[in-house]
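In structure tokens below, several structures.
Here come two complexes built around subunit A, the first alongside subunit B, the second alongside subunit C.
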Partner chain A sequence: MKFRNKALFSFIAVLAVLSIASVTQAAPPVGFDDNEIRIGQWGPQTGPAAPWGSVARGSKLLFDIVNEEGGIHGRKIKYFIRDDMYNPAQTAAVVKELVERQGIFAFVGGVGSATGMAVKDYLAANKILWIGPAAADKDFAFPVDPYLFAVYPLYKDEGSILTKYIVDKLKMKKIGILYQNDAYGKDGLEGVKDRLATYKMSLVAEIPVEPTEKDLASQILRLKNSGAEAVLMYLTPTPAVIALKTAATVGFKPQWVSSNTLSDYPLMFKITGGLWEGVITGAFGEIPDSMNPLMVKYREAAKRLTPEERWGIFYSAGIVFADPIVEALKKVGRNLSTEAVMKALNSFKNYQTIGPKITWTEKQHQGTDSVLIQKCGPGASYITLQDWTTNDLATWKK
Partner chain B sequence: MPVGQLLVEGLAIGACYGLFATAVVIIYKTSEVVNFAQGEMAMFSSFVAFHILSVYQLPFWAAFVITMIFSILLGILIEYFFLRPAKHPSILGLIVITLGAEMFLMGLAGWKWGAEQKFFSLPLDPSLTYEPVKGMIINNWAIAVFAVTTCIMLLLYVFFKYTRLGVAMRATQQNKHAAKIMGIRTERVLSFAWGSSSLIGAIAGMFFASRATLDPAFMMEPFLRAFAAAVLGGLMSIPGVIIGGGLMGLIENFFGYYWPQWKPIIAFIVIILVLCLRPSGLFTKHFVKKV
Partner chain C sequence: MDMKRDYYEDIQLFKSNVVLFWSAVLLLALFTIPLYAPNYYIYLLNIIMVHVILAVGLNILVGSTGQISLGHAGFFAIGAYGTAFLMSMFQVPFVFAIFIAAFIAAFFGFILGLPALRLEGPYLAIVSLGFGLTIMHIIGGMDVFGGRMGIKVPPLDLGIKQLGISWVLKTDIQKYYLILIMTILLVVGARNILKTRVGRSFVAIRDSDIAAEVIGVNLTIYKTLAFAVSAFYAGIAGGLFGFVLGFFDPFTFNMILSVIFLVMVVVGGLGTIQGGILGAILITYLQYDFLKNIAEVPYLGALMVAISKQWFTTVGLENFSSMAIGLIMIGIIIFEPLGMFGVWIRMKKYWMTWPF
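Here is the complex of A and B:
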């Protein structure tokens, strides 16, 4: 009898554990309660891409300001940053941990295409919002994932806008390009070619570069021999530095024009030993010393709350990526749900803070095609050459 | 096609590969170990030079001398603490240890100096160029690489040919046990090899850093190319690796001019061909180890 009781008790205990486990597996903890909303972001805080880690810390500044001002409809934002070391396997692990242990309402930012792609389907399957991936991957917005809202302008759109500027404003006809031999570089190249086709022009030199290459002499000589007056760059910082240094030693002085990925002028100016002065770049955020009232507010808050951080473009980009969720949460009110926030996000029309104007609909989750055009001035200063410009050739808008 | 300019650029980067490959060969010649930490040893020494220049603000030549002393000590210490304690080591085991040392140095540099790229420059004005023949612009960096590589080659030639230590190193490589019996202190020979290899590697590392940027991973690619140049020239021959480096630089630059997308791999294709036809490289004799 005693044995039977024991067996029955064990059976019930096992059933109870299994049913709790299955419940846990079926639904991760809800991402909010009466007092807080839990928001997360992954980003490289260590490892080779650590300089981009400031994006996640920039978002923190915005949430700290929101909390300081009393939160949103009585709820404070609890923000989690996880270091994925720019490693997709690590991203998957930290995101799973946050979702299943902490309970996350939404993710914002998240540096990297491959890292984002590693968790995109997982987040959608768990119905977790993801706003403003910090990469311009087409796959984030096309086809539409109802839970994913992209902010970053596509490299293709930027390439088209920059080329229009070179031809129309700089009056240069011979254009060459150095592009990284991957999706990033090829998207930029596509935009450049699309724009040139409208002028019935073509590139005088089109040169792919592997991100690890340390000698670009033959590529630079090819550009020099092509007679290129302007050279576009869709590169990472080190190949860009090598290109500029090599060009200086062979007497090649074109107008360098680069994607927004190299718009951290203080860094680029420093690591090129000043050669970055005069380089024109795209940008998707206001210049660091902008007098835009919101920029002034954030800059002052950064000085007060995070004096150890450099107020640079990657740091303020963290705010650009996090701004929409704050706005949507404010719109929704006290009766919070994922569906309600999605509805609010889908009704964004020309919403703008310190980044480009964002418009989302149920059928369109690429928020913008606008970039600013800036130039590196003396001492790594920022000079705005052209205000927010959209790409009239963007096919996805039609 | 700017033949003259491609020649200059190809030979300059090739001399740099060759110089770094010499560092790889010195260790290989004495112990038959391919040191995979070679790139990171050079990276670490370059960071030390950067640290002295930027934090202590010493003049370049003082920083250079201190870095050279540091690099010698680094080589000796890595051999002493990482390789020497290995019990009954096989060549493969030692190579794996050098891989561990590589990761250790990269992690240490990342922790100390961070992952962000740093600016490193030699006291050479990059905009100062010479045009001895029309269409052949030579810059200061290339002149410095040619001069330093030539000096180091001459010193190594004299060292291996005419000094007792140089002969002892050759003897250790040919037969470690026989060398020991003849009274050669092979441990000291190994320390010397690691120290001098680290020194030459550090010089090449500084050349590479001044052409690109300084970060914990910046020597991975140059190491691969230098190693390939060493294989091309023959891992046992120092003049061979210099010629191998030069050939590699020329092939890459001439080929890369017309087909830039193939530039990163063309040299490796050539090396596979060389290894198929002459397994021990272009400038060394094929030898069969007796059992």
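Here is the complex of A and C:
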């Protein structure tokens, strides 16, 4: 009977300890004081997604410029970048560390869907603002999370806009699609189909691709046999490269059109060995050598402050995601609070810097449905084909 | 100095009153940490303890039985997905779900143990590596598991829904106690396994499998058993890990994670329980905390930033963290093959034989 006593005793002890632990936890430190506002971002600086790490460093440039100009109402911005290696476990760890040890007022950007989903509820529970996740996940903006403000245009909207361009401007009737077999690819596919339905047209080929596939020969042949004049791509870089190279070897030369995820032309041009020339993509930021006055200002600042960085599309995207918080902080003034900044963000109407026009209301936190359409010219140069275009079919706006 | 006079002395949990005293102090400290540590450390401790469970289990396989595995992230994933899936889809209570998932992992461990009967060294490493990657991609390709987008873990309900009892653990501190208790049970369990006939068979296989077979150790049973036990530990650790995170996707369980697990065991010390624990604590702390925040460490941080600006690329400092872990591993193998546990043994010997 001795054993049973022991077991009973330990069971009671466990219950007691767990009940004591039910006491609520202390609130994390505030994210600002009289001299500084602390802002953070996670992003893959190492690991498989490291090329996207420049987003987090791009935001740093903007905060450095703001600090150089004297800060915001007497407060400097203290900015923290944390490497999560694109791994949700590490994202959760770095975000908790920043929030609970440093005290963070807001997060900006943050590359990745899964990484963002790992911390979304935690940030909301701690009433910490999160502006401009660097991923177009529907779950970020729908349903509305009062502390989360999305900037990135949805893939569905982009697919619809790109399809309209192909049909109206390029006058192509036979359209095929290669889409990654997950939420990213399927969202794009949905947008394309919605648009084609308005023309009473349908896709000539609709081919799913697993992101790990290394041989796309049969898929490309199916596309070729379908007689597609334009092929849309909702892929990640590696399958896209394989698709283009395979098509080149079988002599299939459609107009390739891709989502903005592949809009880093110098990179794509290099890894496809020049085949990327002529590809049309969506984009959510001005072209790198744009003469837009703000772009000129940022470009000059980048040359001066971070000469070692490549002035690319993802680096400047970091600025697009960080601009709104700076604007909101300026609007709020010296009397800072999370609620005041939220109110300022909720009153954004057609706010534009070097990205799309952003509008947020209390009931709508998907900031935009607009993309640019660009084309890769000779030597990986950028050519703007169509200015900011909204999606008239976007269902979420109604 | 650690001379045992009979079997019962060897299997004692606490060898002397001194050990008993310090163990009690340690337990007391562990149970009261949430009272004075900031919340962030609780989260870190949760991850550390999950890794401790896994490393202790992996050490049974790698350190004690002498088999290598580069696929433990696969068992870890089976535990995590299995537990979350059973709880959300079939409303299985937590306690049963995590054990069923762990037994599924153990079954896969048994399967992986079969080729280990014929393969050794690098060949076994390749097979286990392939296993880990396969699991990751199979889970990623199945929509019921959320595909590549990952799944949200259901609330951690310790009660039994069918009986109307519900006790949801929400905070990190509550989860801390749950994981702490599991860790203690599993660590003591691992120690007991190694002190029994089974554990001694494992060690015999490591030292020489032919000799072991000659003295009557059934290689088929014990090699596959070592894989199964080790996978069981990984499964339990995975199940708990899912609740620590709240959300995960298949790529959380990538190949690098398997390598990191192996690093923990090697750095901590092969073949000892303490080694697994020490390695898991050190590597997790370095990876999740120290190396992440190195830029803000006084003096050292500024120095590292300057070095990185001068010699490395723009993300030099982040790359340094991978290099640091690699350097630690190489250093341990060259200077202290017994790992951190070896350092501890030498310190102990030094003081016990002092002044000689």
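Some observations on this one:
Note that in this section the second predicted complex is superposed on the first by the 373 of 398 C-alpha atoms of A that agree within 3 Å, B and C clash if a C-alpha of one lies under 4 Å from a C-alpha of the other, contacts with A are read in each partner's own complex, and residues count from 1 in each chain.
Everything below uses one rule, namely that a residue touches a chain if its C-beta (ideal position, glycine included) is under 8 Å from a C-beta of that chain, and two chains touch if they have at least 3 such contacts.
Quick caveat, the model's predicted, so the values are computed rather than measured.
After superposition onto subunit A, the partners subunit B and subunit C occupy overlapping space and clash. Shared-chain residue A:210: touches subunit B and subunit C both. By the touch criterion defined above, A:282 lies against neither subunit B nor subunit C after alignment on the C-alpha atoms of chain A.
Of the two partner chains placed by the overlay, only subunit C lies in contact with A:117; subunit B stays clear of it.
Using the contact criterion defined above for the overlaid structures, shared-chain residue A:50 touches subunit B and also reaches subunit C. When the two structures are aligned on the shared chain, A:88 is found in touch with subunit C, with no touch to subunit B.
In the superposition on chain A, contact of A:100 is made with subunit C only, not with subunit B.
Within the superposed three-chain model, A:153 lies out of touch with both subunit B and subunit C [touch as defined at top].
Applying the stated contact rule after C-alpha superposition, one finds that A:176 touches neither subunit B nor subunit C.
In the superposition on chain A, A:218 makes contact with subunit B only, while subunit C stays out of contact range.
In the superposition on chain A, subunit A positions 46-48, 50, 210, 212 are in contact with subunit B in one complex as well as with subunit C in the other. By the touch criterion given at the top, residues 1-2, 5-6, 9-10, 12-13, 110, 114-119, 121, 126-127, 129, 137, 139, 141-142, 208, 211-213, 215-218, 220-222, 225, 249, 252-254, 256-257, 260-261, 263-264 of subunit B touch subunit A in their complex.
The touching residues of subunit C, when paired with subunit A in their complex, are 31, 34, 38-40, 43-44, 47, 137, 141, 147-150, 152, 169, 171-174, 176-178, 181, 241, 244-249, 251-252, 254, 256, 288-289, 292-293, 313-315, 318-319, 321-322.
Listing the residues of subunit A that touch subunit C in their complex gives 14, 17-18, 21-22, 24-26, 28, 45-48, 50, 53, 57, 82-83, 85-90, 92-94, 96-97, 99-101, 113-114, 117-118, 121-122, 182-183, 210-212, 306, 308-309.
On subunit A, the positions that touch subunit B within their shared complex are 46-51, 181, 207-210, 212-215, 217-219, 221-222, 224-225, 237-238, 241-242, 245-246, 248-251, 267, 270-273.
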